[in-house]
Amino acid sequence: DVKVGMITTLSGGGAGLGIDVRDGFMLALEQSGRDDIEVVIEDDQRKPDVAVQLADKLVQSEKVDVLTGIIWSNLAMAVVPSVTAQGKFYLSPNAGPSQLAGRGCHQNYFNVAWQNDAYHEAAGAYAAADGSKKAFVLAPNYPAGQDAITGFKRGFGGEIAAEVYTKLGQTDYAAEIAQIKASDADVLYYFLPGGMGISFMKQYSGSGAEVPVIGPAFSFDQGILGAIGDAALGVKNTAHWSKDLDVPGNAEFVASFSEKYDRLPSIYAAQGFDTALLLISASAAADVTDADAFRAALKAADFQSVRGAFEFADNHHPIQTIYMREVVKEGDVVTNRLVGPAAENYADPYGVDCKM
Amino acid sequence: MRLSREAVFNLVVLAGLVALPLYAHLSDAPFTITLATRAVILSLAAVGLNIALGIGGLVSLGHAVFFGVGGYAMGILAFHAQNYTPLMEWPFVIEGTKSMPVIWLVAVVASALVALGIGLLSLRTSGVYFIMITLAFGQMFYYFTISWSAYGGEDGMSIYVRNGFPGLNTLVPVQFYGLCFTLLCAALAFNAVLLRSPFGLALNAARQVPERVRAVGLDPFRLRLVAFAISGAITGLAGALFADLNRFVSPTMFSWQLSGEFIVFIIIGGTARLFGPVVGAVLFVALEHFLGGMSDYWHIWFGLLLLGVVLFGKGGLIGLIAGRGRVHD
Amino acid sequence: MTEAVLQTRGLFKAFGALQATEDVSIELRPGEIHAVIGPNGAGKSTLIGQISGAIAPDAGAVSLGGVDVTGLTVPARARAGLARTFQISQLAMEDTVLQNALLGALGAAGRPFDMLRPVARRGALRDRAEAALARVGLADQARVRVAELSHGQRRQLEVAVALTLAPKCFVMDEPMAGLGTEGSARLTGLLDGLRAEAPILLVEHDMDAVFALADRISVLVYGRVIASGTVDEIRADPAVREAYLGDAA
Amino acid sequence: MSLILIAEQVLNGLQFGIMLFLMAAGLTLIFGVMGLINLAHGSLYMVGAFCAAAVAAATGSFALGLVAALAGAAAAGALIELVVIRRLYDRDHLDQVLATFALILIFSEGTRWVFGSFPLYLDVPQALAGPVSLPFGIQYPLYRLALIVIGLVVAAGLFWLIARTRIGVQIRAGENDREMIAALGVDIDRLYTFVFALGAALAGLAGALVGAIQSVQVGMGEPVLILAFVTIVIGGIGSIKGALVGALLVGLTETLGSVFLPELFKLFMAPAAATQTGASLSSMAIYILMAMVLIWRPTGLFGARA
Amino acid sequence: MSALLQVSGLEARYGSSQALFGVDLEVAAGEVVALMGRNGMGKTTTVRCICRMMRAEGEVTFDGQDLRRLPSHRAARLGIGLVPEGRRCFADLTVQENLNAAARPGAWDMDAVGLLFPRLAERKAQVARSLSGGEQQMLAIGRALMTNPRLLILDEATEGLAPLIRAEIWDAVGRLKRDSGLAILIVDKSLKELTAVSDRAVILNRGRTAWTGALDGLAPDLAQQYLGV
């Protein structure tokens, strides 16, 4: 038997992401028909100290074998090191901060989603390949934002017209949009997760600015697109998964998820689904009490991911293809359509620092 | 000596805080101890605030600043110690440390100094303006640490091993709990003595009639400033402990919601009660824990409960249980 | 002539266009009660505010015991020996009568940052506070909260707090206001005896009390001193009768 | 940096300020008149936005959405005044803070319960979409211009209501002495319900108008609430004029700070470090502004009372 | 005949301490009644109970209507005008606005009040907080009259006022009684003036009605006992 503790954000702002991860995860579990996997779900309220407490609780009193669920990098940084140090496994369904991919990597930590830089770097590479020469980059002033800009620049390699940091949680972007309009950039890349991205895109589209936009999927995912509406049409965004990706099992996943929860799945739902699949495959191959065997089974990643082929690099982060998607309208629904690969067999650059 | 109902109640609370973790320790429920430690540390933070708020009437919506300063004092010292990098090389070398007493001292001194600085500027205002200016300072610190990349920015810092205390194994939950509980008792004892001291009398009067206090030759501003610094120092100490409990610090320690929660503890427990912050924090932590598991929408129930306490439980929980009381005799 | 304990020279204070005090120079000599009377809004409380330091004068000076205190703050002047009472009682309502008196004693002792020894065990403070309460007749009420006192008792406590300061001089703003006949009589007796300890500058509308107590009276009208003299001189002054007294004299 | 860009940024700052004013006006009205710290004001802003989004989605009409926002927020305001707020007038600020904090929790999670965890769609009406050309070649979103106009109209209406009408006189009298105005035969309870509902309606209007260019989501009220508090504290609590001036100051500081501080730091720092330092400082700018104003004038620019 | 205001067996408490133990009092239409007693005997409390500013037990009827169920603004609308202890003018409002806030239709309007108190008419646009104490007192009276009451209640209307202004206010009370037939209930400490203007007095002692009658009939020993004179 495997006992899984899931710490994720289920209340307050950002709850949508946690709910998608949870729903995707539980869907996979249900479809597998396995009754030897028990899941305990806890709400971290997006507060690091609460997440730490919950991790303690799950490890100390629930005695779980595996933890998963955390959405945000800062919460992951607070929880993962101590959990893995206590010999538990941690499967990340979302956040992939560079520290955990590099110097802070751990044999019991597996990232099933992506390393944080992946989308940004792939977007940079795509923009360069697409012929853009000069990029305007925009992100909130916090570590993930700084990483996003660094990642994009690494992939892009071209000239940067301006690099602007906004306040975290900012809601009005008139000032930044004016700067964009005044610049001579030929592509705009921005990383503004959640509500920030919605506000920005709505304001951008009404401003008369004409610089084409690229972003990471976080700002254009299914949960958000409904709120941005037509303003997002035509925007390109990078993701490791898309609902129209033609790989075995994906169409079934999309159909069953839509049917069960009455909404289209997001990347987070896909990530939760894959995380569960990984867990199921490993626990079928090895007993969780035999840590080495279980770890090897996880590393093998012997399951059919809805993103298609992928494998774990030595730092236990995925090597996978990052795709470019475009926001389109299907009937009344604004959604994403696959454009093509942006970076094939992408592996993050931090693995070299990982000694395990 | 006959004890008042409130005193009896306080003793029961203390006894509970001793008995519960011991029981949890014996029945091997370490998480219960962790939870109790969290409650005790938050109590300590609120006891600190209660000195400014309960006696001095200074409703600070920025007390998380001191909590955060204490937390970062721990985080920075331990971070340098675990990376073997000196904190400062010029004009003289300062090394990081993993020793709790040293960290506590630094946390207390640093937060007292910050409180003095903030107090000097903000104690010129009063009422809602004071509430808001302390909030403003809280937000400044919050945004500053979010973008302070040297120490992790919004991600904060993880400290892998809990800091040490001579003669104790702080990794054993119950021992760390004992340490925190002792500090809480010390702070409560100090608060009790302070209430009856000349300083307490003068500060209490300065809240009610500053004009009168001036007219007898005392300066309310200085009284408040000293109270604010003491208050900040105690909350700062709690911050250092909190960081050690989680082995983690981040800018959320500065957030205004946390400042608000400190105030909530005090009101739930009962304003101007010695044990108000303790009762409030314990109840809050317990509710957060038990309601949190019940439903995704548990905040609604929690909100309704808070509303009930404010609307119908004048004098907070202690008021409900122990009846109308007074701080002074 | 003996030197004045308290002296103001040419105090001016304007609130916007309103000249609240204009060139007010008065003095308080040892052993006397000097009454200041005048119509409502004449500037009496403003004058007291300037003497105590609560209001900064636009021009002019205040000296206490021959020392210029114009630049000092309210607490500093109190420590220099000036005790005032307020027109509207300024008392810690949640505290007991004794605690209010102790506050005065504490101010006089000047060590407010003592945090560790209970006030109750500081005998000197306590004695001083209880003595003051006894003098105004509040000894029995020492443990009652001020909020539960009647208006008259509060006025008495207001005087008691001033007494604990053992000052060089008293400045009292309408201590009789709101007192019934009985209460005024008791307070009149107390003030009468008090002048031997320290002189009193008394602002009051209760003419019976003023005429019974005052050694000297100054009359303030529209911020100016229009007359100054003994009780009989003032009663007879036609300008004062017209501006203030009416038929009351 | 061109002059036109600077002019445009100033315009942006003004417009952001007006948006803040819409939010702050209700807050300052409620605080000034009833002496009540209403942390739940942000929740009413959210209620307005959600009502507008729901009705606009159902009917396809933005105007109907606005009406729904006004009505919904006013109704929510009147309801909480009758059930909760009414019992808090005589309490101290602490109880008010706690009770309205509890209301935030209830409203936020309640909204999530009804509308789900995902942001809602609300867009600017077709008639106001897109940019217009202003003199000197400035391209400016028409909708934002409309916001400026609406904000100024609301400001004027409030000035008129408070300063010129008998209800305004009675409201201000209640501000001075609530018990006394009741003893003179004015139904102060009903008046307060009215004022609270009016403040709530203003918050709801702001939520709907602003929601169209921002994201309509749970928790959207809290950052704005803090900004609104900063605004009215700078302006002086209870003063409509103060709220307007404070809002413009905050709007300009926030906008211009984020643009010019990084530029300023580039004069003596490496560009990358300068953008980050500048951004850090600009996110603290309004709080620094507020602290400075309060240190200089402890009751705000136009505030009379503490 | 039943009186305009009828109070009997009035009891009231502040928290746990009882302030009134049984107050009986009547005011007939057109009558001036003095309410007297030493400090803290319950005069203001009685007034507050009549105006429904605090809760009380016992009977309070005005013009035959039971006041106990009504909120204070409803009591006021029945025709009770209050000049409260401590004046309580609306400090931030102008004289005109103060009067306006209270106005209800009837014979008393801005002009009538201006005739009664010419000083107020001269200061229409001045903010109440900048008025002198005496002017504030006139304003408080004028404000109560603007509600066109049938019963005017004056609580310590002359406290802290200069002798001249005091005389002016007594003069105004005399005129009101003569000219408009208003019923008036006065709380005050000056025996001489009250004796002159009042038809009857009610004296409170320790929260109870201790004596009722025309003031010139008050025996000296009772005056000593109840009023301290």
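By letter and in written order, the chains are A, B, C, D and E; residue numbering begins at 1 in each of them.
Criterion: contacts are C-beta pairs under 8 Å (C-beta built on N, C-alpha and C of every residue); 3 or more make two chains touch, one makes a residue touch a chain.
Computed from a predicted structure; not experimentally measured.
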{"item": "Set of chains adjacent to chain A and to chain D", "value": "B"}
{"item": "Comparison of D-E and B-D (more C-beta pairs in contact)", "value": "B-D"}
{"item": "Chain located farthest away, centre of chain D as origin (C-alpha)", "value": "C"}
{"item": "Maximum centroid distance from chain E, chain identifier (CA atoms)", "value": "A"}
{"item": "Intercentroid distance (Cα basis), chain C paired with chain A, Å", "value": "74"}
{"item": "Between chain A and chain B, centroid-to-centroid distance (C-alpha), Å", "value": "36"}
{"item": "Centre distance in Å when chain C and chain E are each reduced to the mean of their C-alpha atoms", "value": "31"}
{"item": "Where chain B and chain E are represented by their mean Cα positions, the distance between them in whole Å", "value": "52"}
{"item": "Shared interface positions of chain E, touching two or more other chains", "value": "none"}
{"item": "Numbers and ranges of chain A residues touching at least 2 other chains", "value": "11-12, 15, 141, 146, 167-168"}
{"item": "Per-residue multi-chain contacts in chain C, two or more chains", "value": "none"}
{"item": "All chain pairs that touch each other", "value": "A-B, A-D, B-C, B-D, C-E, D-E"}
{"item": "Interfacial residue positions of chain D with respect to chain B in the complex", "value": "31, 37, 84, 87-88, 91, 93-95, 97-99, 101-106, 108-110, 112-113, 226, 229-230, 233, 237, 276, 279-280, 283-284, 287-288, 290-291, 294-295, 298-300, 303, 306"}
{"item": "In the complex, chain B residues that touch chain C", "value": "193-194, 196-202, 204-205, 208-209, 211-219, 223, 226, 328-329"}
{"item": "Chain D-touching residues of chain E, taken from the complex the two chains share", "value": "51-53, 71-73, 76-77, 81-82, 84, 88, 90-93, 97-98, 100-102, 104, 143-144, 147"}
{"item": "Chain D-touching residues of chain B, taken from the complex the two chains share", "value": "53, 59, 61, 121-122, 124-129, 131-133, 135-137, 139-140, 143-144, 146-149, 256, 260, 263-264, 266-268, 271, 297-300, 302-307, 309-311"}
{"item": "Chain D - residues contacting chain A, complex", "value": "1-2, 5, 8-9, 12-13, 15-16, 19, 108-109, 112, 116-124, 129-131, 139, 141, 143-144, 210, 212-220, 223-224, 254-256, 258-259, 262, 271-272, 275-276, 278-280, 282-283"}
